[in-house]
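First the structure, then my questions, so here it is.
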Amino acid sequence: MSKVLMKGNEAIGEAAIRAGCLNYFAYPITPQSEVGEYLVRRMPEVNGVFLQGESEVAVSYMIFGAAACGARVMTSSSSPGISLMSEAISYITSGECPAVFINIMRCGPGLGGILPSQADYSQSVKGGGHGDYHLMVYAPASVQEAVEMVMMAFPLSEKYRNPVMILGDGLIGQMMEPVVFPDHLKTEPSNKDSWATNGMDTRKSNVRNLVKTLLLDPVQLNAHNLKLKAKYDLMKKEEVRFEPYNTDSDYKALIVSYGTMSRVCRTAIDDLKEQGLEVAMIRPQTLFPFPDTAIREAASKESCQVVLGVEMSMGQMTEDVERCVRGKKPVEWYGKCGGEVPTPEEVMNAVKSLLQSSRKEQN
Amino acid sequence: MGKTFLKPEALSSQPNHYCPGCTHGVIHRLIAEVIDELGIRGRTVGIGPVGCAVLIYNYFTFDFQEAAHGRAPAMATGIKRVRPDLMVFTYQGDGDLASIGMGEIIHAANRGEKFTTIFVNNAVYGMTGGQMAPTTMPNQRTTTSPYGRDVLDVGMPIKVAELLAALQTPAFITRQAVIKPKYIVKAKKAIKKAFEYQMAAKCYSFVEVISTCPTNWGMTTMESVNWAEEVLLPFYPLGDIKSPESVDGGTDAK
Amino acid sequence: MQSEVMFAGFGGQGILLSAKILAHAAMEQGFEVAWIPSYGPEMRGGTAYCMVVIGDRPIGSTIIKNPKHLVAMNRPSLEKFAPVVKSGGVIMINGSLITIGCGRSDVDEFIVPVNDIAIGLGSIKSANIVALAAFAARSKIVDLDLLRECVKIEFASKANLIPLNMRAVDEGQKAAMAKDK
Amino acid sequence: MAYNYQIDVDRCKGCGLCVAVCPKNVLEIAGEVNVKGYFPVYQARPADCVVCTTCCIMCPDVAITITEIS
Amino acid sequence: MSKVLMKGNEAIGEAAIRAGCLNYFAYPITPQSEVGEYLVRRMPEVNGVFLQGESEVAVSYMIFGAAACGARVMTSSSSPGISLMSEAISYITSGECPAVFINIMRCGPGLGGILPSQADYSQSVKGGGHGDYHLMVYAPASVQEAVEMVMMAFPLSEKYRNPVMILGDGLIGQMMEPVVFPDHLKTEPSNKDSWATNGMDTRKSNVRNLVKTLLLDPVQLNAHNLKLKAKYDLMKKEEVRFEPYNTDSDYKALIVSYGTMSRVCRTAIDDLKEQGLEVAMIRPQTLFPFPDTAIREAASKESCQVVLGVEMSMGQMTEDVERCVRGKKPVEWYGKCGGEVPTPEEVMNAVKSLLQSSRKEQN
Amino acid sequence: MGKTFLKPEALSSQPNHYCPGCTHGVIHRLIAEVIDELGIRGRTVGIGPVGCAVLIYNYFTFDFQEAAHGRAPAMATGIKRVRPDLMVFTYQGDGDLASIGMGEIIHAANRGEKFTTIFVNNAVYGMTGGQMAPTTMPNQRTTTSPYGRDVLDVGMPIKVAELLAALQTPAFITRQAVIKPKYIVKAKKAIKKAFEYQMAAKCYSFVEVISTCPTNWGMTTMESVNWAEEVLLPFYPLGDIKSPESVDGGTDAK
Amino acid sequence: MAYNYQIDVDRCKGCGLCVAVCPKNVLEIAGEVNVKGYFPVYQARPADCVVCTTCCIMCPDVAITITEIS
Amino acid sequence: MQSEVMFAGFGGQGILLSAKILAHAAMEQGFEVAWIPSYGPEMRGGTAYCMVVIGDRPIGSTIIKNPKHLVAMNRPSLEKFAPVVKSGGVIMINGSLITIGCGRSDVDEFIVPVNDIAIGLGSIKSANIVALAAFAARSKIVDLDLLRECVKIEFASKANLIPLNMRAVDEGQKAAMAKDK
């Protein structure tokens, strides 16, 4: 299919349909309402389901109910709405149902603002809800990548029977960029008869299925948690995705940055190169699982003096960078939030002053 | 001319965990009998509450989902929207449905979702040890109204069936009881009617059932059924409150 | 090579649309493009602006403090953005609503009374297309025939408006040329 | 036609609801506990039973079943 | 006041009253319902407010409203209930209102079980809600400590104008232990007239107060986030609390463990000592701020070969241990969840096998 | 015999951000006038919604709190329980109050919380760009009902005032409009009455106000007020629906 | 008694509601925009004004005020 | 030195209360104590048990797999816990409901028909106090007079029950001594 110019939110809606997701439940919230406004028109064309729920809490359980009976489902929201979904997200992971959540982040905390932000990193990656669980979290840096990640998300969430979140900032949702849509996925969800509560007749079985999360016996519940942990460990082994940039140079500093913020960093790195200063970047495409090893190895490179986490939040991701660098190099944070997007110039200055000070320390 | 009586097929043989004399068990059996009679066991999905009936999935022989506290109507909506051919019911207590789940039940009913709700009104939070529910009677003592429900402080009990009947969307809404055989027989008919409306994709259907909680009422079984009959029934009158046939989906009563 | 165009004016002046058509044309011409609106809560009557980034390499930062060009549809936007335009850029001023100049000698400033032209064409609504065409012709940032095609595609659903907007393109183009003499 | 009236002693919780609703006063609570520690019911006066199933209808635990025996 | 034998949940309720908190809003949930069942009787005796809200979402905003008009308020809940409060918690931190949240954790994810667990570490410490914020999080290991932490919590939450969470497991709530109650705090909440919406007449002022979290201007919102960050940095400087155990021995292994889990570890350490194996422990009393330095320094000790995070969750806290140890020593995790509480024997074996394997590695 | 007209003291001098002809501004002014007349500015705390009125705190000169979407009634409950002497009102749109906030409004009303709610019914989500609200009329087009509200799919509009009136707890519940001067004069009287009930700690008071949204209705100002009068008012009849005086707190109407 | 009828031109959004409700048809929308880009109202026929405040009551923006002048 | 006592029986046998009184008495005697109930959702009629830990140092782990002593009020609890009692501990068996022994020779097993004694005293309800007193007397874990005081304090609100429970203590104590001969 040819190239089209499309707004991120609408492209995400279209990508879902092409991934065979014909069921969408959501509650409006800026800056992602266009996802629903697009799908309310598209779904009837494909005999799909569109429903505006009465609240994010309700929507999150509509998703659970629909996913639990085997449907391919998606919702989209933004930060406060995701907070309200956190109980259900915990339930859905424990009930091992596949589902896709889109979070087009706005600025917090509280009502905050609606401009681009990455302040929901911890909520998405560490678990906003209660209990030991993880979402698989993808962070697109362009509309094209958002489309590809949405289309990957469904089969992956079904493979692991775990919800997947696409974590984008407001720019991803509001920006128009050229998009080429991959071919449709085969629309039949992978066989779910082994667990989905889709009615015994549907699966021509007289064994009933159960989707539940209550396990009163501690031995069973511990085993269940170990089973979930095994899935997360497998994701860490198999699903890590990241993009290295300028990593074969003899870089003096390593930037770790994701989403649209990483595009600003890329520009900064290009400009620094012209100024004769080599800087590299690891751009996590999956925030969970996080590219621990890639970052640690990149940080270990001889030439690299310092690691800088650059994010539109107050160092949430940088904490993970610190963890995986294991003290091999000093780890620093640079960022802004509240809708202020650091410019390439600001990132360049942050890197330079950092290198100066670290040079000072050496003297 | 005796009659026979057997455990319905839709009911599992597992003994329930309810306290002696708790009528949750009666309601379970009635649902199972109706599902057998309608022959829909193979395409039914039940949705359990968080409450004493949290283990309800153990007592039936068809697909079941377990909801979070109060959210069963949202889950049922999710199922019916993607699989209208499935027969779906939610089973919810009065804390679950009328307190934390008020928003979900009102909107599901108002959208006219084509599922059935069995609403177990026992005027108390059973599972968590007897706290006050929205349905707790004036002056009734509970662990969070130790001196009796003070209506000047926390308001009157909520008549959920009448509240839902005030919505404009057509629905079948009825109140029944399972505290004595004569009520049980009627209750079963009402539950069957509710499922029939769903099978016909006619409307949302809601059956409130007055039930007992001897344990948290601090009464014997017999005291419980009598208290329910003498105190609850006058405040929560039995019978059909709204049906989709009634003019402009308005209420029958009044 | 990358250039950025800032479209700015009142809400309701069709800013986002003309920016979108430019981005579309540039894309069709084989460039990398990004269209970045100013979005905010529904506070009506405020200033609306939209940045179009056009480049031959994948576009990095979409946060541009100094655009190459400016299309200023009202006075506040001219005052706000004229000072930050890169030197050598084009600044198109809507002469119908703006009585002042940008006060810079290092840019290619030119004034087009787009509202008046649009009214002359029979509908004020076409002012944004007049401005777009004028700017495109002046800056030569995209091929004008491609632009025409993209205008047609944009209005495909409201076909009756196409002739009007074709004329708007012509007039805008003329206005730009005129200035050349 | 003959009927087989069965009380599943270990399902019975001795709540006494059936005793109260039996129109023929057939049922009574037994003296010794079942496995669960409850005192179950039994048909004290089986002869009086008219097989009306009222007790079955009332029982929350499906502890009473009645089958035909040809 | 003399020693009394009291259940944790009830002691927490009494401690709140003695801290001058006369306003309690909550929704029942096991295993903490006794807090409310105690306070519903106690509050009338002190002309205090008890209200059972209709849901945790509603309760969390009752807390916000009451706190915002200057009242000293508390709520208590358990894991799923806290998830439902996460939007409000984000609002309250952004609105800079003091309030105390009790989370007597149960096992997740989902409905899970009600036995002791520590699976809400990430939710409480990293932020279950959206945006850049932190709760100050205290983790009591005994009923006595729970009482003391509750009584500290109110003045601290007022000092920082930030909510404080007491994070206890089911044992803390359900166990009876001897308690000695500290004297009452002066019941007047610290002066809040500079910000509280308590009515202009109340503060004899004609300047009105505003409690809000919307900041549409990104510069302002970034500044607001920096202001919050400054508070969290100050907490990290001033409020870190931890208990070292057997740290002056030449320990071969360092355990990091909190809450009742740490009591099991203490027993294990005592028994290992008898067996001639020295092991030390750092017990974080504050989970945020986390005792980074104390742990890093303890890990750096010559004799220490390995660091072991022991928790009733799948390694949530151990991630933070890993972060602050900075690769100085290998960091491992041992734990169970779902209500299975590791026994001293199990902890002992975990430590031993760990030391063996690390010895192996050395050969 | 002319009259004078001045900006009330309780209203700030800051121009509002609402669209031309949006009647949110009229409602703001009426509240301010009532607060001035009752002389309670110094002990009033307003609670704003998330909706087009999210910046409401800029337009008044007394203490204000900003709620999360739909939760204003819970915040008001928090304030009134700890400071019954403060005069508290919530200002909420129909998405805020009738959709996400349904549970909170029903329970606050049912507890008989002694605060006042101003409920702005403009049949649409204004702030977020015109999505369907629970109050959206049958067949009304919105961005999430582009072919018109299909009542068979999403149910009938919710008559919030009537729904709250179905609760048993005494309350003052009225519906007004601000689309033309004659309605505005009545609306002000009703708002004053609502605050007076609160001052007397008599009951919960609720004023639904039919308002316009020219922008999302896609109409001119005049079209808007006329559409509101011709389409909304017949479905949402004006007048007092329930008052604490009426027998057993029941409804006046019907 | 004389009155001072004031229209705050820059508050006015030109919505026209006051024009429509004025019983004496006093008001009209002006031809030139104000600072916000709106076309404000003005009293086209001030002589006809009966100072009834109907326009003030209708105005969502409190753009019209009427004061006494002694 | 630390010792742990497991009280176990049916729900409704007053297990938690007798455990609490023992903990209280031990506290008054100057020991460190912890009372750890088995808590679960309201599944009635199940087994209830409660652990009391008494020590002279701050109590570490409250998770005890092998208690020192056992007070078994019904058969399931005896079967469940008898095997895990530390050797040298006391196992008190409620002879009224339990017809078997614990089958261990390394513990001090003794049988008291607590229900029958309680019924003899006029109320089955006092069975748990009979058991408590019997166990305390036998194990000498706390001072009996202190225990008496704590029983009084516990029933302060229902003063009319105090005489009954005092007699229950006496009888329990006698039963324990009796066994000593």
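For clarity, chains are labelled A, B, C, D, E, F, G and H in written order, and residue numbers in each chain start from 1.
As a convention for this text, a residue touches a chain if its C-beta (ideal position, glycine included) is under 8 Å from a C-beta of that chain, and two chains touch if they have at least 3 such contacts.
Source: prediction; values computed, not measured.
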item	value
Chain separated most widely from chain A, comparing mean CA positions	D
Distance-maximising chain from chain B - centres being C-alpha averages	C
Among all chain pairs, the one with the most C-beta contacts	A-E
CA centroid of chain D to CA centroid of chain H, Å	37
Centre-of-Cα separation between chain G and chain F, whole angstrom	27
Interchain centroid distance [CA atoms averaged], chain D/chain F, Å	59
Mean-CA-position distance for chain F and chain B (Å)	33
Where chain H touches two or more other chains at once, by residue number	40-41, 45
Where chain E touches two or more other chains, by residue	30, 51, 54-55, 57, 80, 87, 91, 95, 110-111, 114-115, 212-214, 216
Touching two or more other chains - residues of chain G	13, 38
Residue ranges of chain C in contact with chain A within the complex	20, 23-24, 27, 32-37, 39-41, 59-63, 65
Chain B residues touching chain D - in the complex, by the definition given at the top	2-7, 11, 15-16, 18-26, 29, 180-181, 184-185, 221-222, 225
Chain A-facing residues of chain F, complex	50, 54, 66, 68-70, 95, 99-100, 102, 125, 127-129, 131-132, 134, 143-146, 154
Of all residues in chain E, those that touch chain A in their complex	57, 79-80, 82-84, 86-87, 90-91, 93-95, 105, 107-115, 119-120, 122-123, 126-133, 212-226, 228-229, 313-314, 316, 319, 322-323, 326-328, 336-340
Chain H-facing residues of chain E, complex	3, 5, 30-31, 114-115, 170-171, 174-178, 260, 263-264, 266-268, 270, 341-345
